[in-house]
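Listed next: structures, encoded as structure tokens.
You will see two complexes here that share subunit A, one where it goes with subunit B and one where it goes with subunit C.
Up next is the complex of A and B:
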């Protein structure tokens, strides 16, 4: 009997990429398929060091297309399979994940955002929001968690496997280069010790015959007529809309009497949190709203905030990719909108504080 | 009295008659494959992956687990499946565009890694599903929709020699052959050996099958057969290139 990867809860100090590898082990992932691209490489480095000790597998593929499609093959075999990528690799990853959407293949992808467009920087950005939520030719039948801390990275990587297998939509954990490369304290734990049930994967292919009879499975992503496709997509959309409310996650505070609410996600929300707390101490009526799921988006929750406040201040390391999602979600609201967009660079609390003060 | 055509047991009767054009070679390749699956008794263990292009019409062809993938991506899907569950006999079925153009990186690297899968590539000298454009396998001088005056090798290079390429980059354990629907008995023996080679855990197994496309070749039955039987083998040599079961010197 192989020992559990995480024997007991413990405080650790590690990089986010290492956290992903630990979380995947704790979630009982079976196999990782990957292709090198900065800043996610160390996920593979740690996985390849630790995974064999627990009977887990790894395949380094020829590119991200292959990493994505081999991941889908692994899932079809009934394994908890995952991959990780970033930037231009995420662009290529959209092709296999659109197939995952069409065929409801519960795959897990970790994205560590880097600068864009093109090769840009290897460091950091929040510019893969649009692509990760709605990339590929399709309707965005997927779930995207945007993490803000290493604890989030651990928690949501574990959760992503459950979400994917429960709802059968491809599930993304959207981090960034800062979260990937930075060291930070967090608590790692065995999810089952905490009472978190880990969903068992089940094979699509390779099932045993029952009473000597095997019912083979035929799955496809191409349809003969428009109506045939429409029927399938209508069903998917109904199912997606039905489960969206139970998937949606967000965090908000100090919004009730706020005149300005800072809306941000991911690592930027930490700067926003610090800024809102500081401004509150100084007596400013400021609130904080952070979508944790970017897809599905906490539309109702943000709309409720928008209906009570005067202005939403969108802050992100991109040119309005979050703002676009949010404003579409609260369409019809008459709330004022201000922006602090810094594509490809980080945002500090001081900048947000200064911006809010300038608005008042 | 009605006569029931002889069909392999592994075929899915509900999807017959199949959807390929009259005179298309896919049906013959798939019949040979079906018979091999029957003879090896592996119907319950096979996963069949087909590409985009005409090969996708095989998505409900067999009573075996089947996934229809994206253009060129059948090889990685089958690779991922095999890596995750080595007990499954994985067949990646594709056309010449999928294998030698858009998915060539997957074919090359799966071969180089000696993936324990069987890739079957149907070579009909053109992109047939999209209306007959030039493929990597279009013969020099051959007319297609994108080479209306004939393939000019000065402009577009020479046809890809797939099995020769795969043979060059694989090491011990790989099985590589080129068969033709003009010699079904031989093609079937290649397919059988390619599957046996995978099941023995030896390595990557690759069979190219020369095939027909009367629809896009715009040929009648006689000319279609003459082309696949006489013209194609002049450029694409039929035969076994690598067989681990045959030791050197034997």
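Up next is the complex of A and C:
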């Protein structure tokens, strides 16, 4: 019998890309399909280094379209398959993930955001929020976790497999180039040792007959009539809305008496947390709100905050991609809105502190 | 609980600045402290200034990069010009005294500026290969982020397999740390 990848809980110090490979192993992923693009290359480097020891497989495809479609093929064959990409690769990945939405194929994609549009930088941004939440020609039937630390990357990569297979919506772990390349500490563990049940994949096709009867399966991404499509999409939307409340995750603190609430996600929320804590020490009434799921968005929760505070300060490494999701979610609220947008570059807590002080 | 110590180390590709930052980060992590290290990286395959951003503290570090460092180390003329932006009145700016033609480019706003002859010492006293370890000694002396003992242990962990083959390398590396620490002590 092959050994478990993570024998016991341990504190480790590594890059985020390495964390993804460990998490996928811990989640019992069977195969990764991928095509190289910075800053996520090392996910496949580490995966290919470690996977054979545990009987896992890897296929490098000719591009991201193929990586996405082969991932779906692997899932249809009954494997826990995943892929990873970034930037322009994420653009191409939207086509196969649209098919995953239409055919309800569970799939896990790790995104390490880089600067955009186009090639831009290979370094960092939060500019793939709109694309990752609502990309493709569809309705955004997908789940997106935005991670902020290596612990998050490990926890949510494991979780993404369960979420995808439980709800049968494509599931994205949205990191960024900073998280991909930086080293920091985290605790890795075997999820089953912590009582986390890992959902088993099963083949879509070629199932054994039950009581002598074949198990027919019909999954489609092509429809002949408008009405047929409308009926299917209406059902998907109902299902999505029904499960959204149990999928939604967020983190907030110090919002109850806050006059300004800093809203941020991903790695920027680390700076926001530091800024809010420092401002509180100085007596400023400031709060912190971080959506962990960007899709579905914690709309009710943010609305509750917006109803109590005077101003929301959106901070992100993009020109308002988070702010757009958030403002749609709280439509009708009369809360004031301010922005600190820095597309393609990091945001420090000092900048947020200075901005809040300038607002007061 | 003070704020994290912020360190930027910059040099030419091949000078080993990324290894230095990584070893210090691992040493701090081994001590049970929070460390975050991120290299700058771009589309260039070679050439260009290489910068390592390193933060060490008692609590989880905030944003991976920072605007102003507590210690900024520049090991080439281009690195001096590139890293001026990370310096303010609280920064100790360390550069190699053999770098020529940068007198006008030094960040005059730095809290203090230290010139250390690390390149010369590595060539004349030790070995050019341990140049970056001298810099490591200088950084830990200037910041106190890790002890000399922990730094040695981290180097042992990283290069132990090489030391097995040639124990003189161990001595050379450990001397390099000590010399780096001395250079900063003298320059202060």
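Keep this in mind: the second predicted complex is superposed on the first by the 354 of 360 C-alpha atoms of A that agree within 3 Å, B and C clash if a C-alpha of one lies under 4 Å from a C-alpha of the other, contacts with A are read in each partner's own complex, and residues count from 1 in each chain.
Quick note on the criterion: contacts are C-beta pairs under 8 Å (C-beta built on N, C-alpha and C of every residue); 3 or more make two chains touch, one makes a residue touch a chain.
Quick caveat, the model's predicted, so the values are computed rather than measured.
Once both complexes are superposed on subunit A, the partners subunit B and subunit C fit side by side without clashing. In the superposed pair of complexes, A:346 makes contact with subunit C only, with no contact to subunit B.
Contacts of A:76 after superposition on the shared chain: subunit B is touched, whereas subunit C is not. When the shared chain is aligned, no partner comes close enough to touch A:282: not subunit B, not subunit C.
Between subunit B and subunit C, B contacts the larger number of subunit A residues.
In the superposition on chain A, A:57 contacts subunit B only, with no contact to subunit C.
For the overlaid pair of complexes, the smallest distance between C-alpha atoms of subunit B and those of subunit C rounds to 26 Å. In the superposition on chain A, the residues of subunit A contacted by subunit B and by subunit C do not overlap at all. For subunit C in complex with subunit A, the residues that touch the partner chain are 22, 25-26, 29, 34-43, 60-67.
Touching subunit B in their complex are the following residues of subunit A: 30-31, 33, 57, 59, 61-63, 65-66, 69-74, 76-79, 81, 95-96, 99, 103, 203-207, 209, 214, 216-222. Against subunit C, the residues of subunit A that register as touching in their complex are 13, 38-39, 121-123, 149, 178, 181-185, 267-268, 270-271, 273-274, 346-351. Those residues of subunit B that touch subunit A in the complex are listed here as 43-45, 47, 52, 56, 59-60, 62-70, 73, 76-85, 87-88, 105-106, 108-109.
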